[in-house]
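Okay, so subunit A shows up in both of these, paired with subunit B first and subunit C after.
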Partner chain A sequence: MNRFDNMLGEMCSIDREASKEGWLNEMHPLVKLLVTIWYICFVISFKNNMLTGILSMSVYLIICFLMADISLYKCLKRMRTVLFAFFIIGGANILFSENFSTGVTGAAGFWCKGVMSVFAVYILIVTTSIDDICEALRMLHVPGLLVTVIMLIYRYINILIKETKRLSESYFVLSPGQKGIHIKAWGQFAGNLMLRSIDRAKRVYDSMNMAGYEWRILSGNRKKYKLGAGSLMWLFVWTGVIAVFRIIPVFELVGNMLAG
Partner chain B sequence: MHMADALINTGVAAVMFGLTAGTSAYSIHTIKKSEEPVKVPEMGIMGAFVFAAQMINFAIPGTGSSGHICGSMLLSAMLGPSAGFITMMGILIIQCLMFADGGIMALGANIWNMAFYGCFIGAGIIWRSMVKNGASKRKITAASIIGCIVTLQLGAFSVTLETLISGVTTLPFKVFVSFMQPIHLAIGAVEGIITAAVLCFVFETKPDLLWGVKENGKKERLSYGKVMTILGITAIFIAGGLSLLASSLPDGLEWSVERVTGDTEIISEGQVYDTFSDVQDKTALLPDYAFSGSDSKFGTSFSGIVGGIAVIGVCVLFCIMIKVLRKRKECNDEQV
Partner chain C sequence: MDDYGIIIKKMSFCYVKDNYIFKNMDLAIKKGESVGIVGANGVGKSTLLRLIVGLEAGYEGHISVSGIDVTKKSLPMVRKKAGYVFQDADSQMFLSHVEDNVAFGPSNYGMEQEEISACVKKALCETGIEHLKKRSVYQLSGGEKKLASIACVLALNPDIIMFDEPSVTLDPKNRRKLIHVLGRLDKTKLIASHDLDFILDTCDRTILLSRNGVISDGKSRDILLDKGLMEGSGLELPLSVLGR
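The block that comes next holds the complex of A and B.
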């Protein structure tokens, strides 16, 4: 149960962060999504041994982290599993490269690309709520059914977790002193949970339908999703800056100027 | 099996997005065309169920590794392949955009690897063919285990291929395959058992919730012989197919040796030792060189470091300045 509690806590925490007032949080969701995709495209287009170029792309991350007051510690903590996977796969480059130095360079480039793309997605998720992301998807003409399913999955997780708690409490009352759910009861427990959750979800959905819901997404607050000048500027500036940093070795040029 | 962005290049990502978009368009078209009402609440809650189930990792005995269920087979056995695919897409999009589990660029590939095979091959072909004449607990168990194993093997193999075609890692194909396939065989077996347990319970309690099960069909029992034949054919297909594929490609060690020495012949033990000492020699020589694989020469690297520090410094200063100005503005606003 602790894992479910932690999961729910984590979801609430991300939701809170995404919903708080902030300059980047209030940016248009479609713009944030497009800039993130654009950024990741350019980051992963670098070859693994082009370390200076890859590192120059960190400018976007640094600015976003600082401007939006995003905690680097929390980011590392939340993304630790993905980052660990990068560490393992990147390490394979050292073992299978033709020489050690190439392998290390390749691994370092791979790690940097991986970490930077994960950080870019993290910036998006802690500054954009699920409703905003769904609206951005609708603007990209993603089918309404898919967007509805995404929203319902996210909202129903809460129902499912509550139902799990209720079922497990009744199980432990019936089986006092037992550590965990017995393996023989797993199928019955999971099946029961699923059927009960389906019934509850249907009731919720029926209530939504009675209130006038009909596959319509976020029709209430269109003004909120109007593309403002700030959002457009953010889009054009970052599209340009990211492309420039990809094409021109900015770090080396500035270094040459400073070092004479 | 969630791939990150760094494991895939832009070209492969685009192709996988195209395939996924095509499949999702087909799925939505099929759902809309169907005479049955769209099971939106079922899709939502089943999606939440699989989403939560993916959070629970189980240990793979003897490997020191762990895995989680994929869930596409379970979804499709309840909702049908098309609705299952759309639901699985929803789960993967949430995981990507809300939890950064799997990259945005790799989203198309992840959907293909984790949803397509499970929904359209696992449920659309294996599940359907086994339960179309009426279901029984044995049939459900056999379909779930075979379906999960086959589809996870296909998914894991796709991950290997996509990474290899992307050229992002020097890990040889056979080595990667030898890591990916056996571990996903074990995960597939465990997932199959879990899926079977849940579906058997649903079959006993509310059989009408299962997809593709003929309600008043002939209650055929699947004989042990048939189960063993199907399992045998699957095993031969997977093992035989993979070994044929693997045998046409160089061994991981061979590949490494060939890359280092330029010799394609299988080498004796002594030569392997030589190879290792060669690698050691190279390692020992490292202090005399900059990273030889890098395009940057020492001077350029130095410039890069200086320039990098300068540019990042300017960025940090810029941000601090903006924040100070914003705070001042807020203070002024409060005073007013």
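The block that comes next holds the complex of A and C.
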């Protein structure tokens, strides 16, 4: 299995996890989306030096990971590129800060905020399919065109990976012994990749149209969701808890109480 | 006219101005007929199918499907009546699981969940792939993908189904299975293919296309076994007849 197959397999596995049965998976997608947005807004509203406050927000993540049985190892593996980018950007805090200790605190705060936001998004995507997320966006009255673009981009990722795989395989078959694609071929490779993936994307779009896909007419016709008591409770409990943890330094208070 | 599934009258079409692929073409296909479309590369077999379902626009003349004129406005209705099985099954299977792909069409037409499930079950049953329902598309073989892509079209219960090179990339066993599945489908079928044996096995009527449009239209055996006609159109007799 090469790395392109791994990528496709990974996407397939995320889709499968999102569509499996589970209490968080079956929760109303709008509730999950709103809680995630609410959580990220509150997490990033902390100043970088408010480390205790930021860390207190991890309560939501811990509960979701434990209760929905989400693998932390898989999360770290799948999101490693984004996490690494946060690590690099956060590291700049140390270089450009006036003194080292505030730089390190600022970087740590930035890393925590970044990691926690990424984890919150990860929880959303492994428990909610792309169709359900788009449906939730439509319920929020996000323009249909924008939602369609999001859906098509998601489908396009698949096509892009498959076409890159085909092109690179045909390149390596014709250039034995080469470890990577030669720099001279990069331009043509990228151009070909673009043309071929546009062609494939058109065919996919044609087949979607043949199956009656037309967002203007058909949006809102998908699965009907009911906003049950469990979903409403989840929404109210978490919006409340997240707001409380943001306003009141809960960890500090608990720490002070324990210290007497 | 009610007996006809597809009617084409004085239809002309070109990709490049004045370089016509079809010029004043007339064609009528009766409901329930199984029609093969054969011809050398580039004569417009796939283009003809794409025109009928409105995937190619800008034709002159008249095309109607189940009594509905193919226009931009009528496309959703036309596509509900006429399904199209793409040559490349990958293009048709863009969601992760077989079940999701088959349910995609019915859900777009606003069916209720129970109705969608029933359509999916029926389509998978007709193609004999119920066991693949929960399978990921990435784990399917070429033959399974082809059958699943046919199930995607069958889920919409169209009156007419068009197949673009259905037997390409299939091994003999899967090819035989496909012939069997097509034989059981009680619908109007239009099959564009280079596989003349496949056409011989699945179609009663054959339309032979050349650069000048339709050059012959009649019983499959009469056309496909006519050596002079086939060779004159840049084709050969079916392999089963040649005895290779």
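Convention: the second predicted complex is superposed on the first by the 177 of 260 C-alpha atoms of A that agree within 3 Å, B and C clash if a C-alpha of one lies under 4 Å from a C-alpha of the other, contacts with A are read in each partner's own complex, and residues count from 1 in each chain.
Heads up, the rule we're going with is that a residue touches a chain if its C-beta (ideal position, glycine included) is under 8 Å from a C-beta of that chain, and two chains touch if they have at least 3 such contacts.
What you see is a predicted model; the values in this text were computed from it and never measured.
A.B. asks: So, A:R16: does it touch subunit B (first), subunit C (second), both, or neither?
C.D. replies: After superposition on chain A, A:R16 lies in contact with subunit C alone.
A.B. asks: In the superposed model, does subunit B or subunit C contact more residues of subunit A?
C.D. replies: The larger set of subunit A residues in touch belongs to B.
A.B. asks: Touch test for A:G180: subunit B only (first), subunit C only (second), both, or neither?
C.D. replies: neither
A.B. asks: Just to be sure I read the superposition right, which of the two partners does A:A92 touch: subunit B = first, subunit C = second, or both, or neither?
C.D. replies: first
A.B. asks: First (subunit B), second (subunit C), both or neither: which does A:V204 touch?
C.D. replies: So A:V204 meets both subunit B and subunit C here.
A.B. asks: Regarding the shared-chain residue A:G240, is it in contact with subunit B (first), subunit C (second), both, or neither?
C.D. replies: A:G240: touches no partner chain.
A.B. asks: Which of the two partners, first being subunit B and second being subunit C, lies in contact with A:G228: first, second, both, or neither?
C.D. replies: neither
A.B. asks: After lining up the shared chain so the two structures overlap, which partner does A:R155 touch, if you call subunit B first and subunit C second: first, second, both or neither?
C.D. replies: Touch partners of A:R155: subunit B and subunit C.
A.B. asks: If I apply the document's touch criterion, which positions on subunit A are contacted by subunit B in one structure and by subunit C in the other?
C.D. replies: Of subunit A, residues 11, 155, 159, 200, 204 contact subunit B in one complex and subunit C in the other.
A.B. asks: Note which residues of subunit A are touching subunit B in the complex, please.
C.D. replies: The contact residues of subunit A facing subunit B are 3-4, 7, 11, 14, 23, 36-37, 40-41, 43-45, 48-52, 55-56, 58-59, 62-63, 66-67, 78-79, 82, 85-86, 89, 92-93, 95-106, 110, 113-114, 117-118, 121-122, 124-125, 128, 130, 133, 137, 143, 145-146, 148-157, 159-161, 164, 186-188, 190-195, 197-198, 200-202, 204-205, 215, 249-259.
A.B. asks: For subunit C, which residues are in contact with subunit A within the complex?
C.D. replies: The touching residues are 53, 55, 75-76, 79-80, 83-84, 86, 88, 90-92, 94, 96-97, 100, 104-105, 107-110, 113, 136-138, 152-153, 156.
A.B. asks: Which of the residues in subunit B come into contact with subunit A in the complex?
C.D. replies: Those residues of subunit B that touch subunit A are 4-10, 24, 28, 31-32, 38, 40-49, 51-53, 55-56, 86-87, 89-91, 93-94, 96-101, 103-105, 168-172, 175, 194, 196-202, 205-206, 209, 252, 255-256, 259-260, 279, 282-283, 286, 289, 291-296, 300-308, 310-312, 315-316, 318-320, 322-323, 326.
A.B. asks: Over in the complex, which subunit A residues touch subunit C? Could you list them?
C.D. replies: It comes out as residues 8-9, 11-12, 15-16, 19, 155, 158-159, 162, 200, 203-204, 206-214, 217-218, 221-224.
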